[in-house]
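Heads up, the next two complexes both have subunit A, just with different partners, subunit B and then subunit C.
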Partner chain A sequence: MKPAPFSYAAPKSLEEVFDLIELADGNARLLAGGQSLIPMLNLRQLRPAALIDLTRVSELSRLRREGGDLHLGAMVRHSEVESSSFVAKTHSILGRAASEIGHAAIRNRGTIGGSLALGDPAGEFPLVAAILGASITLRSRTRTRAVSAADFYFGAFRSVIEPDEILTEVAFPALPPRTTWGFQELCRRPHDFAIAAVGATITFDSHGRISRAAIGLGGVDETVILAADAAASLIGTEGTKTSIAVAAQAASLECKPVSDVRASADYRRQITRVLTARVLQEAVEKSKAS
Partner chain B sequence: MSNHPAFVETMTVRLKVNGREVVREVSVRRLLADFIREDLRLTATHLGCDHGACGACTVILNGASVRSCLTLAVQADGGEVTTLEGFGSDGDLDPLRQAFREHHAIQCGFCTSGMLITARELLDSTRGPISPEHVRHALSGNLCRCTGYANIIDAVVSVAARRD
Partner chain C sequence: MKSVPRRGKFLGARVSRVEDLRVLTGRTLFVGDVQLPDTVALVFLRSTHAHARIVSIDVSRAAAAPGVIKVLTGEDLTGVLAPLRVDWNPDSIQPPHRPCDWFILARDVVRFFGEAVAAVVATDTYMAEDARDLIHVEYEPMSVLLDAERALEPDAPILHPGWEDNVMFKAERDCGNVARAFKQADLKVSQRFKTGRQTALPLETRGCVASYDRAREELTFWSSSQIPHVLRTHLARLLKFPENRLRVIAPDVGGGFGQKAHVFPEEVLTAYLSVTLERPVKWIEERNENLSSALHAKEQVVDAEIALSNDGSILGLKARLVSDIGAYTEYPWTSWLEVFLAGNVMPGPYKIPAYSFKALAVCTNKTTLGVYRGVGAPVATFVIERLLDIAARRLHLDPVQLRLNNMIRKEDHPYTNVAGAYVESGSHREALSKAAEIIGYADFRSEQKKQVRRGRHLGLGVASFIEVSAPGTQFLLAGGSPRTAGWESARAQMDISGKVTIAVGTHSHGQGHETVFAQLAADELGVDIADVSIRYGDTAVSPLGWGTNASRSAVVGGGATLKAARILRDKILRFAAKRTEIPDKELKLADGFIRRIDDGRAIAKIADIAHDLIIPADGNYLGEEPGLDTTVVYEPPMLTNSNATHLATVEVDIETGQVKILRYVVVEDCGTVINPAIVEGQIQGGVTQGIGGALYEHIVYDSLGRLMSNSLMDYLPPTATEVPTIEIAHLESPSPHTMLGIKGMGEGGAVGPWGAIANAVEDALAPFDVCVSELPLTPERILSLLNRSARLQRATVGEGARL
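After this line comes the complex of A and B, so read on.
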């Protein structure tokens, strides 16, 4: 199990990346952290003619804040998101989500851009990007566009990225005041692929009622999805056990899970309800504590 | 096309391995794991699954643990690699290696190199006490098919305790 032959380039700037994409004429794959692409090459599930390695494109590794928004370059590694105090200051849910990805050695290589571009329906970053209403920047030589995370995927491992485009950055909007979050997933072994993952943010108004909620579900549909009905059911409530149970039930009915080697569809639906209740409880408890 | 000179099939890589300067011509599809084992003949690093699941091939690249089967040798160009051969010598055992010996944390030994490297990163990156639960989580990406893990956990916890 070794990769089939390919040719390789390690550009240092985005301009060079665009040159190489044109030269390769649709036959190249972009290599970010390689923690999904290289296994696929080793297993020969993919045999690209060329790899364009983004490791040395330093402009893709930036973390910055613009207004209250947090911008992470595509090549920011999971381990950096996990441990960064800069990230934790405004978006601590990202560190929590990153800590669930693979194992330390995987997180040391894997990147947020790679994870978003791959679009695993159980992927942690596609999930939190949807929950937080992130905006994903795609660039080609001639155009730059921003796509909202909720509109980014149209199937498992299928996104709106065009062949001449590269995912350069993701921007997470500032969380409104009095917003707390929860994030949990179920795996057979710690840090394994998630059977189901659920994350949520809730915002309380000054009277202690929920004014805004977002609930995201991973691993239980074709793509990560937002459970809109479940979130809507929380608005105006105080986040009591009863309102949480109603929302959790709604979330479990909003997904279309499939049966596979890890779990049956029914089990996934059941787990979605349980995890949704737990993350909402987690978020409510955090708001009481703060 | 991808046969343009901007795309190459072999490359000269320069890197430090266990503190020693190495310059080699490699095929761009050479995995770092195979480069370490076949080209450099450093065979403490083992290859179990070739797709990142087992952890046997874990090495340190530029200060952080990586799966050497999920890294290309050319990606280590200009960097520093530490394999288990870089952890003390047989005459002067690294405390973790000594603890694995004392706790009989080894049966066939295939996973041991990856276990030691992952445990070393855990010890080096964690301040304060390290619980058995903490060690179990950190080593969850390193599969052992012999020991049942208990002795491995004990060995790592014993080093962590002595360190505190």
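After this line comes the complex of A and C, so read on.
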């Protein structure tokens, strides 16, 4: 199918982007990787009057470290996150999450900013942002604000981004020492949209007990959520099979999955328990190995 | 792997396909590549309701939109274009079916989500789609039927005017003494089976370009079709256009699998518009249109029962098959093909003394059912193979041994089963034994036991079948097949330079005919395969034929090619014999020369003889008619039967329900093999599609009859990651009746997987006592089978039983 008519611009600076947004009077869409946006245009599910291509706004593509935090510009491509040793040095979970997104061709175009702005409840980057407690920077012509991942979504594909704002970068705080992670998705075929996705970080103290844990659930609620009760149940434990099973069961009860053409709510709930256990097991085994 | 014998320079050889380079690099003409000056774009507005009355259609804004040339609705075509309607042929010996009208654009009522309601013609597709958005249709929803059993209930709404119920066709057959068989049985296994709704999903969607030349009053029609001559006949009839001025070209086609062996309303309208507008009109289907508005396949509910004695001998079989054929009937065939074939082939390679079945084709508000690779055989094979596994488990017999004991033996051929199906040759027991040997049956069973102790669940399943192919004319006409015959034509020419052209009436859309027929001709005519050009797809070039479906082409296209090539061969030998005074019986054609058979000595160059048969230097044709050009017709036997066994091993993750196929073995017998690489390619493609139907592919409607699986995000064909390397072995039981003993086998790959994989999954889950009866076997379905089983276990054991 062909998209409805639209105008196209490829600005080179953020100032130009704000100009174009204002000109379009609420009818513009920002084009990052286009892997979700363009199909929606082609299917005429969206009909923006103007498409503003961010590819040439070079300041959006930077990766940097500040303090211990990792800052990724909105236009950083998934393929770069996947293969970057700069990223892997401190936040290897990001590379793993990126590698699950679609196929190589999609990852070459798709961006972290686009993924976060889209806010797919089954999306890999929204999930990892929640788990790591990321901070997302939104800029308009007049102000810049940082929103924590926990406050960023209020519904499926609904974020707090205002029509005159652009997501410019996301900052991932440094992970405490002795922190490991696990990340698994359940799809029908590798790299399909996830039916459910779970990620977790656990931090062990010097006595071999879990001092910190974060468990994120994707695709099993309106937005990505953190399974707070499940994470809390791990604190003070040694990450045994029993404590993992308890946490997994708790996680499956904390989500409110829906039924759709891909899977029923019941199945999603069951899979949440299974994936949570597997992800926690993965994290525990990694910490034992290191 | 058992290798295939070489019978000639090319017969039996793994010749690389000549088609591949051009199609894989896209350097060829698909219908989307047809570019003619002045072409206009055609798009369709399709119903968003499954069943509704069309109250009004307002096209005024669309008609006034920029770039728009014409907007049409069903009303505009009343009295102008007849609907697609297949009337029952009273000369047929089959029971009657009820005809219905599938209008080119819906009239008064829409009966499935995606039915074409209006058409827009504009200068390009963008403009046409913009205008399409401006059409306003008012629908009055009617109650929706989405289940065949529901459609059979006496109070169900009737979908077609004048019909007493929603049954388009019913047939019954009763062979042998079924009642007595079941009375005498030591074991009866009764089960309801459900198979999912699928669609053929060709890589290239449908599409056509019609170009009317008003000076010559001729219409050229390109279509992504499997049946160019049949399409021509029907277009001519439906448009009331003289057939001799209508040329159909099916260029390179990106897969058909049966879906494109039909004539579609879109094709008729495209042709009509070109004649009306006197300029080229182009329609290229979108993927979501193909999913909603081409044809669906396979969905059946089968209640089957098998009777056996304690030693595992099958005493009888009965089945009630209900096919959900959707809203209309596939044109120009009828949508009872799926269910009737399933009923007829269910006995498979087993000796069953008593068999009865009842088959019903029922209309619902879904996309119409058409033929798709295997047609009925996948369902039938799934049913009988599941019944046999269940029986084996209950009788505590090995499932492979149970089958071997009941199969038709080599020495039984030619075998006629209780329903009158004639099987000329085959290797049923040999194929199953070979498959078990390849997998390492005993080793697998011990590995399976070992892994259960580690919490891993492996399973093994088999399915064996007979694949019918290349139906003859009498068979087709008796089967009520309108306007098609079983024979096939070929025109063979050798030109003045000694190069060969063979034009056939079959159509290759992935099967590799250009390679395979060239192999046959090259062997007969003693030329190099590179000097043989195979042509098809263009009604102006190919003699009248019936296209490609029913796995017919190797038998009939190959047969006609051989027959024609042999006539040229004989003429060349006769002429050479006259020239040299060596009897033609002592001569052969090989490697570019006429040679003596006894010592291989070259007597003359084939190219020189060819030249002289056209323009002899001395002007003397030696009593032969000038030229090397012959057109023949080849009629195959009634039916030709191949056989195969599929064997799958799987691992099931009992926590998620996911299935991984570990190994997949096919032992196939298609008689004389022309090119084993092509046979293997056919199997790989067919098995992939079978895996799709077994585990992944599922057409899903919501409760209002709207198609939910309308993109490749939700309709999931297997990809390279889902399909293991398929291990293939060949056996050869040539047909005593066909040329060279060739048999058709193009569809068999898709026939075995449902039975093999379903059996393997149930075998893997044997500790949990589940019954696999419904496809596709999604992880969710498997998990719910396990959950139910756990509940049952807890209910019987009391507390404490855990998965």
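In this text, the second predicted complex is superposed on the first by the 290 of 290 C-alpha atoms of A that agree within 3 Å, B and C clash if a C-alpha of one lies under 4 Å from a C-alpha of the other, contacts with A are read in each partner's own complex, and residues count from 1 in each chain.
Simple rule for what comes next: a contact is a pair of C-beta atoms (placed from the backbone, for glycine too) under 8 Å apart; a residue touches a chain by one contact, two chains touch by 3 or more.
What you are looking at is a predicted structure, and each value in this text was computed from that prediction instead of being measured.
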Checklist entry - Looking at the overlay, does A:Pro5 come into contact with subunit B only (first), subunit C only (second), both, or neither? => result both
Checklist entry - In the superposed arrangement, which partner chain does A:Arg189 touch: subunit B (first), subunit C (second), both, or neither? => result both
Checklist entry - Touching A:Arg141, do we find subunit B (first), subunit C (second), both, or neither? => result neither
Checklist entry - subunit B or subunit C: which reaches more residues on subunit A? => result B
Next on the checklist: Going by the contact rule set out at the top, does A:Arg178 touch subunit B (first), subunit C (second), both, or neither?
Outcome noted: neither
Next on the checklist: I'd like to know which partner A:Ala263 touches here: subunit B for first, subunit C for second, both or neither.
Outcome noted: second
Next on the checklist: Going by the contact rule set out at the top, does A:Ile271 touch subunit B (first), subunit C (second), both, or neither?
Outcome noted: second
Checklist entry - With the two structures laid over each other on chain A, which partner does A:Arg212 touch: subunit B (first), subunit C (second), both, or neither? => result neither
Item to check | Footprint overlap on subunit A, where subunit B in one structure and subunit C in the other make contact | outcome: 1-2, 4-5, 43, 189-190
Checklist entry - Mind pulling up the subunit B residues that touch subunit A in the complex? => result 1-4, 6-9, 11, 28-29, 31, 34, 50-52, 55, 58, 64-67, 69-72, 74-75, 77, 118, 121-122, 136-138, 140-142
Checklist entry - Taking the complex as given, what residues does subunit C use to touch subunit A? => result 125-126, 129-130, 133, 286, 288, 655-656, 658, 696, 700, 708-709, 713-714, 716, 718-719, 721-722, 778-780, 783-784
Item to check | Parts of subunit A lying in touch with subunit C, wherever the complex brings them together | outcome: 1-2, 4-5, 43-44, 186, 188-190, 192-193, 261-264, 267, 270-271, 274
Checklist entry - Taking the complex as given, what residues does subunit A use to touch subunit B? => result 1-10, 19-20, 23-25, 27-28, 34-35, 38-39, 41-43, 49-51, 53, 55, 79, 102-106, 108-109, 189-191
